[in-house]
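Chain nomenclature is as follows: A, B, C and D, assigned in order of appearance, with residue numbering initiated at 1 for each chain independently.
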């Protein structure tokens, strides 16, 4: 399978709700997607952690997935997160996304019970067999509870034909070194940990999956461009400039902070679903200050 | 609120599926419940980790919940796990269980995003406000990803009137000491970690929530009775006798090992749902040997 | 080699210094040893963590070791901690202790560099070969930086003839279960973690190595006697009674808290050596309150 | 106090022993120092982890310290590690090093007991007060057992006038980000974790403290020079080229692997002191292969 040419800044979308929190607000989703694309991101990734995919009903998930793909309309590639707790449900989502035109599906081995390596491999194999689109394997033990070793990731990469990309979010930069070394430079890896943006590019990451472009796309893109231009000094300066915001949105919880930031910048997308709180007043003020500094 | 008199051996039920894995097998669930009650367990707890609650559709969850409560028919108390990812869904489940006659509901603060203490407290408060039944707060960071400190547990216990029991499954016996100390002996706590069965009772646990009575109820009950009889030497001997089985079912994954053990003892309950594998052949043999030794 | 009959409450001694901190105060050490023996402890263990062994010069270590053994004068067994950073130095200390009449030597695999299992085994083998006294293997990763698995401990136990006892201080009670199971009940194990005093005895520990008898020997001994009398309810009550003090001396640092407690009870033993601080004023007040409650 | 201009590649020396391991081999130490300086390292650091400082007697430590400083003879700055378990001993070593001409002393808060923040600060203050030379604060929880937060490090940096540099070896690159952010770019930090060599420079580290220049000085220096030349692509390529060796020497234990590598390259420096083993035959072969590839 040809590795797709995903690279650069891959922007996560939020999932907007109406004021009462009960209903999807798809027009707002459309506006947020347009903003991201207009700002120059290289790809759009709906229904990830930032998109509160885990908090949606199946019907809502389908709506957001279909709407997002249609609205992006191939202006940039769309990467849909299709993770679900059972293999059957993840397969259903992967097929749904593919049928609606997703370019790539992203799969985190979400589970309630700790999975063995064989169970994880079989999970990816079943999803891979059910579609022909490329799959981005996603390792994020903090949310999935499952930490895949680099060795396991490479076993899956080699065993499942359409697993062609790896997204690493452990926060341990040495995982990327091992992917590069053990994968002999042939495994495209992407960074999913905002505070490692600089280091991941230094280590050779092809792209950065991040919710930050909802708020500071120009800085995110400038960092990538500095790396492309082989200008470490500029990249370092750009990284430290945006790091306080990257840390703030991560610590405050991405759905809460990004939705608050969108509101501050004129795009109403509602609040996160409970039990996740909206960003508190002090947090909103702090975020406003950070955004003002970065204008 | 009067603390209910839950005590002793609280048996988890599995959720049986038909051979193709697609459909619930409620008659088999009824047989497994009867077995547990006939063996002498002091309470029945459906839809927990062992019951693959996280892997069921909402409709299936409702079916298993209603069927279990009806089938137990007040022979012993029924404790229904109603955890869900959003507060709204957990509230819905709590109400459903209460309306169908559950004696207690159990709540794990399951979440995708890490929750703040305020978010966890509000989650419990919302569930508590929505029902009048007592709630068993459940701390199990290994499956929920959220570790509640003893201090937070006591804040919730004191703030939410119908949170009247605590189930601790961290595997750290000192948590129970702190519950006993800081709760001044007024917080009934229950053990959810099989390998700590002896120590938890030594520390003063009121009961032991466990899937083991599906396979070795007599030994589980005998351990509790030895503790009740203040006979530490017998309790220790009984504990070490059953410990290899307790460790085996935990390491092998409770749905897989308990379903395999039920099959070995003549009760067909199907296999776990993928991505969780059924117990492999070597595991089945080992389990068979352990069960034979304990007859 | 015949396993020695070490059991019960094994009391750690502090190492008293004169007021300026520069010099050993051996008469005070003698008084503290007499107190411990008069209170009924079953054995005396000098130069462990509590005894600030790591902070003494070699000459001081020799003085404390020889004095302690001579002063105990076989009233009870003496267990001397001979751990040192190099194998050669640990061998020297083991021989010194044996020549001066120690009944047992205790060995923690202290090291600066992380040691491989083969290196740890060779270290014990070299010490074992250099003396004929029994050795208590001591696992305490919090101070040594090296965590020996139960499997490694048993390999050493089986390979080194005079390693005949194991002291476990990880704080994980399941280690003792595994020692009991894998050792088939033939490996005498001792508890070195004060807050696990009850559970360790429940799990079958032969004894409890503790600094607490410097302050509350009657309660420590009563707990052991309740266990010996198979009276779990009394043991539990005695445990919870002394637990606040056990936790306080552990969290405050044993040399600081025990020396402060000795001073409060009329035995001046100086302060710990810097960088370890003496217990602060608030701590001393709290300790005084705890001791008053337990009188 | 003026911050010294330490930068670049700071090479650790080993401590050579004669064949029987009992005696220092100072002539070999001299040869290893000359090699390092001739290869172009920017500074020499004796008696660190690689130098087995923790395994030397006080007299040996003094000999190595005095010899190293004299032999370097100001060709480059000398940074002497003076860490010791008591404050008094660390002060003595700091004074000794200063009196013999050390340019900088390095201090790790080595301790047996876990130290409070106040104890750690007082330890640095006492050492700082005893000398006028600049101090490099060293954080390495893997060997010291004490992890200093960035906030504590900055408190010490601000409170103790001659603590003017920070060496970070946790392996967590985000610590360096925080040093840069919270220190507002005014805290010179150095990397002590070989596998983070590229990322630490990307993050703005002034230098890299490493044992690797004993074996591959040209590659170490080339990486630094590529960073100085703002050439990220070359730095990345140079980093991945040397990473297998950097990982090998770290995992194999620096004294064992560096001494083996020196022997392979014609400089006999003996073996590490027990309990640390010399590198085994397979390890030596592997190291030889790595060195051949990098020629």
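Here is the rule we use: a residue touches a chain if its C-beta (ideal position, glycine included) is under 8 Å from a C-beta of that chain, and two chains touch if they have at least 3 such contacts.
Source: prediction; values computed, not measured.
More C-beta pairs in contact connect the chains of A-B than those of the other pair, out of A-B and A-D.
One simple way to say how far apart two chains are is to compare their mean CA positions; for subunit B and subunit D this gives 52 Å.
Centroids built from CA atoms put subunit D at 39 Å from subunit A.
Centroids of subunit A and subunit B (each the mean of its C-alpha atoms) stand 35 Å apart. Within subunit C, no positions touching two or more other chains are listed.
Chain contact topology: the protein chains form a single closed ring, every chain touching exactly two others. Touching subunit B in their complex are the following residues of subunit A: 49, 52, 54-55, 85-88, 109, 111-116, 118-120, 122-123, 126, 142-143, 145, 253-255, 273-277.
Contact residues of subunit C toward subunit B in the complex are 171, 173-174, 177, 180-181, 195-196, 198-199, 202-204, 227, 230-233, 235-236, 240, 243-244.
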